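In what follows, structures are represented as structure tokens.
Common to both upcoming complexes is subunit A, partnered first by subunit B, then by subunit C.
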Partner chain A sequence: MYGYGGSILRVNLTSGEIRREPLPQELARDYLGGRGFGAFLLYREVPRGTDPLGPENRLYISSGPLSGLLVAGAGKCDVTTKSPLTGGYAGASIGGMLTAEMKYAGIDVIAIEGKAARPTYLYIDDDRVELRDASAYWGKGSLTTEKALKEALGESFQIAAIGPAGEAGVAYACISHDFGRQAGRGGVGAVMGAKNLKAIAVRGTRSIPVAQLERYRELARAMYAACKAAPGLEAWQKYGTAGVTTWANEIGAFPTRNFRSGFFEDHSGLSGETMRAAIVVTDKACFGCPSPCGKYSYVRKHGVHVEGPEYETTALIGGNCALASIEDVAYANYVCDELGLDTISAGNVVAFAIECYERGIIGKADTGGLELRFGDVDVVCTLLRQIAAREGLGAVLARGVKHAAETFGRGSEAFAMQVKGMEMSGYESRHAPSMLLSYMTCDVGAHHNRSWAITYDIARGRDAVTPDKAAKVIELQHIRPLFDCLGACRLQWVELGLDLGHYAPIVEAITGLPRSWEDLLTISERVWNLTRLYWFREVPGFGRAWDAPPPRTYLEPVETGPTAGKRTSREAAERLLDMYYEQRGWDRDGRPTPAKLAQLGLAGL
Partner chain B sequence: MHLHAESARCSGCRACQLACSLHLFGENNPKKSALAIVPHFPDPGTFEVRVCTQCGVCADACPAGAIVQNEQGAYTINAEECTGCLTCVEACPEQVISTHADREAPFMCDACGDCVAVCGMDVLSLR
Partner chain C sequence: MSVTIVPVGLLRPMLADDRLALAEAAGKTVAAVLADLKIDPDLVAMVLINGRQASKDSVLDDGDTVKLIPFVGGGRR
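Let's look at the complex of A and B:
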């Protein structure tokens, strides 16, 4: 099949059986790739009510039709599973070189099921696929494991590995790759750990066939030329996502002290400019990317190398835990990476614990004598290590902020910043209703990546609670996750302004299947509705209440900064949901109507 | 005219290698490219780019006389005259004469410049 690796690699860790299936053409036609493949296979193959950390759960690692080809940003891979954090759908995106290498090995999807009897890693060298003993790596950090496997197998192998947090089943453990790229959200690393799968090593040496070679090369040249001519290229190459930090603070969106505020008074020590000057040593790209957001750093003060910090890490570990120095944030970032913790959830959970301590909801009896306070990197890193080891307070925090609030009680649920059980990422949204709606309706939980609508709030008026805001969220929820189906990065479009008109023609030239932009968006909407159905199927009583914002967003006005005194009322949030459901063709409980499902070819599910 | 690389600017994306394999063989395969990106991670965290400097050492070393300059002055390997002895691969001071299991003859850069066009970081130039 043009543009695809051509196969699904099935790996049963219980029986040791490994087999390749041809990629079904209908799957490529109807679900495109990446996230679409994962969502479809999860829905169809993993039985209702499966324990996320049981052997019946499956992990799908999927490239897309653009992955590994000459397309700007063609380095994205999707990891889908049933989430141990939320009990619902988890789809996490990871950059780096993995997705391309899979394609060169002729693989579109690695589908992992069962549980190995002992620590194991999956070895793939083109057609040679083996399960190998990973005892020597068990207990080791993600970065240490990657380095050791590269030394053992060769630099040309691409490695994805988990750290101690994944081994221990921390509900927000990530999968790490390329010394600083993560499939971060939803606990995909814990699923790997529960399967005794420490790592995956891949090398591929084959060529990916394309349908219309000359047309594809011409379109590719035009795409790279457009990226290189973009006015925003220089700043993005210099600062990456860290360039957003100062702006987020200026608009009062920078989460600070567990989202009590959207403005961090000590932000200057965290800015992209500070970071570039103080710690960055190398710009680091994912496959095929002309505008690398990866900034690889050396933190002299702590003697460590780390990729980042990305904006999200600076927001959740920096502002949200009130660390004022980029060196300290970078060090905590390194600690998370080595332990295999998602920095977003980890920073959110740690800030929550500190606030609970400040309010006297928990005390030294709970923390083992540790005094929790904002602004202290040692406190943050101590908690991170306790979480990864599931020791002391870490045993509670390891299950996520929703669980921690249920355990601590005493009103802490009101400031547990989560939706659907997933910790909120880096945008304080009380004065940004469409961004708040994005968090409420994101299909993995409170994550920003499906709809980064905050710029629309600013353009349209931040107080407005109007149908166009729901429409914008829906539009973004179709465009942005489409990139996760394609196996490519959306940031050339978002940050460089690359025209979306580049994509459908190159998909067509690569795959040979006629595709309009509207066709592609329909696939994305199909996937969005399918993940919604998955939540209804898996979570008892799922519905509108699961789309509610964290109570802090409507109970407490922002404390300080440019948005001080602002909040989005619960009533306004409910109105937004009404508009959103109606425009989506969902009922008042947020369930897709039979007519919508029929329109998307999902009738009968 | 030969390729020049400023390694310190490289972000390791490998678009250059893909453009190279498309030029040489019409294939999408960075392992069939004639320039090398060597990552040094996690420490010191840098990329090393190695490119053909058109120094001609390979041509002098080739016992079959299969490496000759084309009309643009770039050295190329004539696959029909190549005996597959790999002496050139050993001789190349930059280690950028490549081999692949699919191909009997090694292959090398012909200074086409396709890699330069897709490099977002301006690492590569033809001089």
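Let's look at the complex of A and C:
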């Protein structure tokens, strides 16, 4: 099959059975790859009601038709599973080199089920696939493990590993790769840990068949040239996502002190330029990327190397915990990376705990004598280590902010900043209705990446609660995750302004299947509806109430900064949902209608 | 000499030129220049002065090149 590795690698950790199946052509045609494969297989193969940390849950690691080819940004991989954090769909995206290496080994999907009797790592060297003893690595940090496996196996192997947090089943443990890239959200690392799977090591040396070789080369060169000529390249390459920090503060969207405010008075110490001057050593790219936005940093103050911090980490661990020093944020980032913790969820949960302490909801008896306060990197890192070890207060915090609020009670549910059980990421959205709706309706929980719509609020008018805002969110929810199906990065489009018109032609040249951009968007809409069905199937009572924003949104106005005094009323949030459901062809409870499912070829599920 | 303004992406249609030379911008802040050009400062996500991130309070010098960068966030092609 043109454009694909050609196989699903089935790994049963209980029985030790390993086999390759041919990739079904209809699967590639109708679901494209990456997140599409993950969603389809999860829905089909993981029985309703499966325990996310039990052996019946499956982990799907999927590349896409662009992965590993000479396409700008062709370095993204999807990781899909049933989430131990939310109980619903988890789909996380990881960059680096993994997706390419899998394709070169002839693999489109690594489908893992069961549970190994002992710590294990999956070894893939083209056709040679083995389950190997990982007891030497169990307990070690994810960065340490990656380095050790590269030393043991050779630099040409690509390694994905979990840290102690994944081993311990922390609900927001991540999978790490390429010394600083993560499949971050939804607890995908905990699923690996529950299976006693410490790491995956891949090497592949085959080539990928392409339908129209000359056309593909011509189109790939044109994409590359367009990226290199983009006026936005200079700033994007120099600062990466760290460039967002200053702007987020200017527009009052920077999470500060558990989202009490959207403005951090000390944000200048966290800016892109401050970061570059203080800690950045080099720019870092994923496979096939002409616009290296990764930043590899050395933090002299703490003596560690780390990739980052990315904007989200600076938002959730920086502003949200009121850390004013980029060196401190970078150090906490390193601690999360070694432990294998999603920095977004971790920063959110830590800030929540600090606010609970400030309000007297928890005290020294709960913290083992540790005084929790904002602005203290030692407090942050102590809590991170407790979370990874599930000790002390960490035992409660390890299950996520929703669970922590249910445990602490005393009104703390009102400021647990989560949707569907996933901690909210880096945009304070009480004066940004499109962004708020994005968080309410994202299909993994309160994550921004499906529909980064805040710029639309700025351009259109922040007060407007109008149908075009719902339309923009839906449009972005189809376009952005399409890249997760293609196995490529969307940031060449988002940040460099690369014309979307490049993509359908090159997908056709690679796969040989004539499909328009609209055809590809239909696949993305299909996947969107499928993950929605998954939530309805798996979460008892799932419906409109699960799309609700955190109560702080409507109960409390923003405390300081450009959006001080603003909030979004409950009525406005309901109106946003009504408009969204109507435009999506869903009923008033947010369930896809039979007509919509039939239109997308999902009838009968 | 003057200050050169380079608008990027969705800011480009707001100005007459790809590179706009402003004769009297030296000594003004970036924010003041944006106001003169009637550009909503919230749409300007990043300001580069001579290739380095600067703030909207930065005061401009003769000969500076100022790149105005929006975060489009995506949309139709």
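Assume the second predicted complex is superposed on the first by the 605 of 605 C-alpha atoms of A that agree within 3 Å, B and C clash if a C-alpha of one lies under 4 Å from a C-alpha of the other, contacts with A are read in each partner's own complex, and residues count from 1 in each chain.
FYI, a residue touches a chain if its C-beta (ideal position, glycine included) is under 8 Å from a C-beta of that chain, and two chains touch if they have at least 3 such contacts.
On a predicted model such as this, the values are computed, not experimentally measured, just so you know.
In the overlay built on the shared chain, the residue A:Ala225 is in contact with subunit B alone; subunit C does not reach it.
Of the two partner chains, neither subunit B nor subunit C is touched by A:Ala365. Of the two partner chains placed by superposition, only subunit B is touched by A:Pro292; subunit C is not. Using the contact criterion defined above for the overlaid structures, shared-chain residue A:Gly497 touches subunit C, although it does not reach subunit B.
In the superposition on chain A, no contact is made by A:Ala545 with either subunit B or subunit C.
Shared-chain residue A:Leu213: touches subunit B; no touch with subunit C. In the superposition on chain A, A:Leu143 makes contact with subunit B only, while subunit C stays out of contact range. Subunit B contributes residues 9, 11-15, 18-19, 21-22, 25-32, 38-39, 41-47, 100-101, 117-121 to its touches with subunit A in the complex.
Listing the residues of subunit A that touch subunit B in their complex gives 68-70, 72, 75, 97, 100, 104, 143, 147, 155-156, 178-179, 205-210, 213, 217, 220-221, 224-225, 227-228, 233, 237, 281-292, 294, 296-298, 305.
Against subunit C, the residues of subunit A that register as touching in their complex are 231-232, 234-235, 238-239, 243-244, 246-247, 250-251, 268, 271-273, 276, 452-456, 458-459, 472, 475-476, 479-480, 490, 493-495, 497, 499-501, 517. Listing the residues of subunit C that touch subunit A in their complex gives 6, 8-10, 40-46, 48, 51-56, 67, 69-77.
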